[in-house]
Amino acid sequence: MDLLTNILGAIATIILAFVVGMSYGGIVRKITARVHNRLGPPWYQNFIDAYKLFGKTTAIHHGWMQIMGPAFLMVSSVVTLMFVPVLNNGGWFTNLNFKGDLIFLLYLMVFGPLGMALGAGQTGNPNSAIGVTRGLSQMVGFEIPWVMALVALMIQFNTTTITGLMDVQQMSGTWLMFSSPFAFIAAVLAMLGMFRYSPFDIVGAPTELASGPVSENGGKFLFTMMSSGSIFSFVKLTLYVDLFMGGADNLIILLIKTFSIYMIPVLYGIVSPRYRTEQAIRFFWGWPLFFGILAILYAAIF
Amino acid sequence: MVGSPVLLIAIPLLAAFLIPLLGIFWKELVRIIPGLVLGYLTILSASLYIDVLNTGTIVETIAGWRAPWGINLVFSPLTGFLATLMTFIGFIIWLYSYRFKRNVEFEAAKKYFIFLMLLVAGSIGIVITGDIFNQFVFIEIVGISAYALTAFYTGRNSAEAAFKYLIMGSLSASALLIAIILIYSQLGTLNMAEIAANIHNMPPQYRVTAMIFFIIGIGVEAEIFPLNGWAPDAYTEAPGPVGSAFAGIVVKAGIYAMVRMMFTLFDISGPMQILIIIGMITLVVAETSALRQVQLKRMLAYSSIGQMGLVLVAFGMGTKAGVFAALFLMLNHAIIKPLLFFSGSYLVFNSKEKNISEMSGLGKLMPFTAAFFALGSFAIVGLPPFAGFWSKLSVLTAAANDGLLLIIAIVLLVSIVEIVYYFRVINRIYFFKFDKATSVVPHKPRVNALIAMAILAILILVIGFYPDSVSEILNRASEDLLNTPDYIKNVLSTGQSLTY
Amino acid sequence: MKKTIVILLLAAFGYFLAITFLDPDFEKDRNRNGVKNVYLEKTVSELKTANTVTAIVVNFRGFDTLGEVTVLFLAASALGSILFKKRHHVGERSITLPASSIVSTGAKLLFPAIILLGVYVFVHGHLTPGGGFQGGTIIATGFLLMLISYRNFSISHNILSVIESLAGILFVVIGLMGFINGGTFLQNFMPTGTLNNLFSGGIIPIIYILVGFKVATELTGLIYTILHEKG
Amino acid sequence: MNIENIEIIRIGVYATSILLILIGLYAVLTKKSLIKIIIGLSIIDGGIHLLLIGIGYIKNGTAPIFSPGFENASAQMVDPVPQALVLTAIVIGFGVTAVALALIIRLYRHHNTLKIDEIKNLKW
Amino acid sequence: MEIIYLIFILFLSGAIATFLLGKVSKRLRDIAFITTLVVPSVLFFTQINIGQTVDFSVLGIHLSWGITNFSYIFAYIVLGLGVLAGIYAVAAMKGKENLGFFFFNYILSIMAMMGILFSRDLISFFVFWEIMTWSSYLMVVFTGKDVQKVGIKYFIFSAIGAYAMLMAIVITYSLTGSMMISNLIFAFPDFEFGMQILIPVLLLIGFGVKSAMMPLHVWAVGSYSHSPMAYTAVFSGALSKMGIYGMIIVMAGLVSRIPEGYWFREVIAWMGAITAVGGTLWAVAQDDAKKMLAYSSVAQLGYIIIGIAIGTPLAMLASLFMAILHGMFKGTLFMAVGAIEKQTGTTNFTEVTGLIRKMPFTFLASLMSIIALAGIPPLGGFIGKWMLYESVIGSNHYLLIIVIFFSSTAAFLYCYKFLFGFFLGQEEKEWAHVKEAPAMMVVPMVILAIGTFIFGVFPGLILNPIDAGLQELGYAVTQGRYWEMSVLFNEWGDTVVLQPILYTILAVFVFFLAFVLTKNFKKTRYVSTKDISSSGEIPKEHENLTFSRGFFQPFLRSVEPLMRRKIDPYYNSFGRGMEAIFDFVRRIYTGNGQTYALYVVVFALLLLIFKDRLWG
């Protein structure tokens, strides 16, 4: 019985993540268009796209690795989702009953993109490979401040689990973004890179690389990628909320919190032109790193 | 068969006088007789040595006069060990050079074998004699045969090398005579045991001065630092087997004379700073000089000098462990260096200018020679499980027991230098492409040379894998060297201790 | 510059030699009861040899002499080896200046006398000052005289070397006979006779005669080799 | 002879021999000609032989030869051992000198010069 | 006859027999080679009991051989990798010259490593250490490339290390009068202060060289990339672990027992961290697979060193686990490179592309190893890294963890480069003829790759022996409950380790793979990589679609300040300086006989001047 509940809950979580992620994507497209003084697609455009892709017949593939790439990506997104507590008190969204280990999560999160990168590599399109190299380079860039923020939290509250940090916030009633502000700043700055909106959209870089890694994929491949991308952005947002904003007690609060935090990269991105790769890396090793160090010092001293 | 130590000297001399006569009848005898003599000496020395180990030191008097009056020969665990080693190495060298100058003049070959035999005999004489003036005579015998052997090849710069050797040798002989004069004038005797017994009656200022002149006198043969300018030249210019005779036999005799003088004659106990300092300087200077050599034999010569420096350091510690280590080093060096010279001279033979840079790829063309060279190099730099390692280890443990950490560090650093220059050669021999322009078409070593090298190589491996095979011998020898009272007692109390 | 340094060095060296040997204590502290008293005593009582030096050289320290003879032998061989040439032209001399007739006639006259003197000196080595080395050298000077007086004077190298070898061999053999008879090398095994007789001293005069032959031939050989060296 | 004379003789002999050694050394160390160097070595040898003989000297000594009728004169005899030694030393010195001269001939043949500082093919 | 002796005799005689049989028949030689590796391994795992020792003495020094729980861990690496890489080597080296020599040295290095593990005393330890050094040196120079530079450099550094060690050994001997390792550990706290510092430092220099610790690592890259790949698998996989083995003994046995140990740990940990970062960055910059893997090995060893230096039970566990895993996956990767080299003749990323369809099994093995190397769950590499992070945080090394994290993130770059450069990308005509490597090469790789997977899923298989080994070193704390020290294991209870995660991952993976496959799979057809949509156009024949040059240029540009500091030039100029000095020294021998005579006089004078001090 427990097992059944768990599995049903897991499926529900996935659907939730898919829906929320897709919708957020659509809303972002709309907002961006409005800021750019365009009309923009409707907020549900992403669902339409997905449906269309799902319906299409995939005519060609370039080999097994390309087929496995999207699967890897999906695995990564879903499994990460399984390990992130969606709500404070679990309930249907308890998923794998995992109280969450941050380092494990960090590594799990790279698993998908790397698999995807392999898939993209086999297509033989040079743009894909260039996109991948950029993505990996940028990842090295933002990972540093991001990990520093996490380590600061771990040091400060002497726990390495997400649930542990959430408990801390529940007990004290203060969000971690206030009790360890530098870590929050570093994490948010790292998040800019993580969401790959402009100015950090060097991976896809629509005009240069023809969307980079995904450029050779269509139909079911692109559908899988798209849905996993949506789920993944939901996971990341939820993680931020869990870590810095005290988690959420119910779905509404979750949506509000995630959406508000989602706006940071989106709004920053709308008004920024694209960086080059080394500029992006240097950006992350500038102020974010500084705040990361501050965060660790803060954590170590207090 | 048990003979007498005096035969170790008398037989080679007899043979040396005989060879010119016999050569008239059958020329091949000139090559065979030295081999027979050296082989006989090896057997004789070994059997005597076994006898000595079982029953005790043999003191052989000459012309029927007891120790302080007549000259006497002392065949003790130490001297017997060295004498056996020398005769053995001498025999191996003969074996190696049996076909030496096969196709050239009979006269030259005759002289070569006479000199070689007398070189060995003289060295044995230096070791087993119990009389300082007699030692001087033997040093001169060794010296003159060495000069002649160095200048053996007429086409090269060998005369230059021999001349330098000669200048140094004569100066040192003069110093040695001054030392003998000082000792005789003060103690009225030339017998080592008697000198040792009375040395403390000698006024200190004369004692020290005599010691200094002794050091200079013997130092040239022992190749200590400022007195070894001749050595690289002589090793380079002398024929290959002669280089190995220098390294394997002559130097050992010189070192023996030096330590016998320090330990017994002047009865110094405890650490001898002078030996340690001289040894260290010799070691460092020689090994560093070896690094940038272009000629193989010259490199080997410097390496040989360096090893002797290390031997002196080990002796200088003055402890049983130190002496043991030093003797072990001498033994290993006497086995390994000839192997290097043997194989090295074939390598040199096959390069036009005798430079290391011309030996590229010879390992493929002459696999055995190159393998022996590599084995020798491995052993001499002290890589386990070859012979050289155990002696190096003994030296280091002995030094550590005395707390000489700086010396350990320097010795090890120098060993690294040693590794560098040996391995450069090995690399070149094995892993470079053969170059026709710089090498001549290889002359393959003859069978007798290969056998000689193989014997040495087997010894290296045996000692390397089972060092205890020699440790007992070395233990006895080192005890013997350190036990001056016994030496005095043995020599002075024994009239005849000879068994037929 | 270099000379100044050398002179300074030598001055220092000389100073150290001087304080050693010119010190009055050097004489005073000497041990006067060394081996020499025994030598002086035994020479008369046991060896019946008048010349103590000879007794020491040939008997007490006969082993040294054997070595010494070897050194000479080596030097002669070494000369041959060092100056060895593929084809040795005997007769072509490096010194070709003709000697005046006075010299050559005088040489002819003196030569037998010199040889005789030399023989006398080494035969009486155990009785009077002199001995094998001295006698041999004298004989060699006779040959030297002949060599420089007569351009065509030649000695068979083979004969020289046979004599030389035989003398050396006999020396060692006598030593070995002593070894076999008496138990030690070079031990006297012959009757010693009475002091100051020609036939006294056991093997001493025999050895000294052999040494005389050896030295004479070797020195002659040396001179001969060097004279025949063409630069 | 009185004591002072003996001292003078002794010191004279020793001083002469030391002087000979130094002169020989000077020749060895500064002269360029190989022949002169060998001469220097011989001079050193001479000095040392003199020194060796010198230490055998005793007051009013006679030659160590037992003439008929003087069989018990050993107390007056000078030390015979140095004389025996010097005989050996001279012969050895002679042998070395001969070899040296031969070498010089060879060197001259090879280098066409007798200057020692021009004969430096072997170095370092 | 003791089995322990028998093992070594078999190795030795097998090595000689292989060498000699090579002159007779190639097949016999290969058979002898494999037999020599397999038989002693079987003997070892079946006949040798832990704690069984043989004692003997050499030169009066008591020596002892025997295996302990701790060294047993390393025996797995050595023999496992040794046998597999040996099988691989037979096929990989086929047709090369001088193979008897190769096999001889191969067996000798395996024997030497086993000897190191068997040694319970310092002398046999050193002897085997040196045998290992020179046999591996002969392998480095085997190919004959850059011998004077790379080979000599390797040997110089090895010699420096070995002699530092030897010095420590003789000092120990003089202090304790015994060569036994256990006696050293026992007596160490009573040594005087200077010795307490000196001995570990010397030993760590010795072990640091072999484990390529930062200032002593310069030999590693050249040596790893120049030896035949079949050997490099052992070289990097097992031989470098001997340094780790020794280092653990020093850190656990000596350093942890003195009060100054804290500083040792800090310094070593930071050296390890620098090693890790530097190695990773340089690996990213390489275009040659061998060099890349070599730098990567250096980096990985850096992680292991960090773990050892931290020294908590968890960190030790992590280090040992990583050491074993590194042996496996790095062995596989080097073998894969060797296979590619054999099939294509080059190992340069800029030349070879698109081998995935030609060499699928090699790709599979490489993929799994790379995942393990990158430390991505669920393969084995993750467990080790994760335990390392936990222990680093747990021991309050906050800055250290950032550095480690940076380097392990940057490791993704070269991981991807390896896979992409060789296997993915355009399939150029030039490599159309390439075939999969022979089965004898593929099978060992795949076995090792599957091994990394199995150990990732069931880490207890290795962690149990490691735990036993750590108890041998005095880490009694774990008591077989190692999982309790880590959150990851703890949360899932006592016995089930990582399986739930794995099951989830597998389920999801299979589900989506099935989705992608089943959805109108029939209609999807395979096309070549030339058939791509380049902005809607079909690329022409001549258009270059291969992207391989300057792969991570932007990244390298941004980390360039970090990479500017190279230690190599310093060593080189030091070496040149020393040679110049030595060259100057030998001018003492001027060649002028008169000068030598002058030396005699000067020497005499010096002795005379200082004569009062000479006596005694």
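Letters A, B, C, D and E mark the chains as written, and numbering starts fresh at 1 in each.
Keep in mind that, in the parts below, a contact is a pair of C-beta atoms (placed from the backbone, for glycine too) under 8 Å apart; a residue touches a chain by one contact, two chains touch by 3 or more.
Because the structure is a prediction, the values reported are computed rather than measured.
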Checklist entry - Which chains does subunit B share as contact partners with subunit D? => result C, E
Checklist entry - Measuring centre to centre with C-alpha atoms, which chain is farthest from subunit B? => result A
Next on the checklist: Centre to centre, using CA atoms, which chain is the farthest one from subunit D?
Outcome noted: A
Item to check | Interface with more contacting C-beta pairs, comparing C-E to C-D | outcome: C-D
Item to check | For subunit A paired with subunit E, centre-to-centre distance based on mean C-alpha positions, whole Å | outcome: 36
Item to check | CA centroid of subunit B to CA centroid of subunit C, Å | outcome: 30
Checklist entry - Between subunit A and subunit C, what is the gap in Å from one C-alpha centre to the other? => result 108
Checklist entry - Roughly how far is subunit A from subunit B, going centre to centre by Cα mean, in whole Å? => result 79
Checklist outcome for this item: Multi-chain touching residues of subunit D, meaning two or more other chains, are 21, 25, 28-30, 37, 51, 81, 85, 88, 92, 95-96, 99, 103, 106, 119-122, 124
Item to check | subunit E, residues touching no fewer than two other chains | outcome: 586, 589-591, 593-594, 597-598, 601-602, 604, 608
Checklist entry - What are the residue numbers in subunit B that touch two or more other chains? => result 133, 137, 140, 144, 147-148, 151, 154, 159-160, 162-164, 167, 171, 184-185, 190, 209, 232-233, 289, 292-293
Item to check | Touch relationships between chains, expressed as pairs | outcome: A-E, B-C, B-D, B-E, C-D, C-E, D-E
Item to check | Interfacial residue positions of subunit C with respect to subunit B in the complex | outcome: 16, 20, 23, 25-26, 29-36, 38-39, 42, 59-64, 66-68, 70-71, 73-75, 77-78, 80-82, 84-86, 158, 161-162, 164-166, 168-169, 171-173, 175-176, 178-179, 182-188
Item to check | subunit E contact footprint on subunit D (complex, rising order) | outcome: 25, 28-30, 37, 116-117, 119-124
Checklist entry - Inside the complex, what are the residues of subunit A that reach subunit E? => result 57-65, 67-68, 70-72, 74-75, 78-79, 82, 96, 98-99, 101, 103-104, 107-108, 110-111, 114, 117-118, 121-127, 129-130, 132-134, 136-137, 139-141, 143-144, 147-148, 151, 154-155, 160-161, 210, 215-216, 220-221, 224, 276-278, 281-282, 285, 292, 296, 299-300
Checklist entry - Where on subunit E does subunit A make contact in their complex? => result 354, 356-357, 367, 371, 374-377, 382, 385-386, 389-390, 393, 396, 398-399, 401-402, 405-406, 409-410, 412-413, 415-416, 419-420, 424-427, 487-488, 491, 500-501, 504-505, 508-509, 512-513, 515-517, 519-520, 523-535, 545-547, 551-552, 554-555, 557-559
Next on the checklist: Going by the contact rule set out above, which residues of subunit E touch subunit D in the complex?
Outcome noted: 586-587, 589-594, 597-598, 601
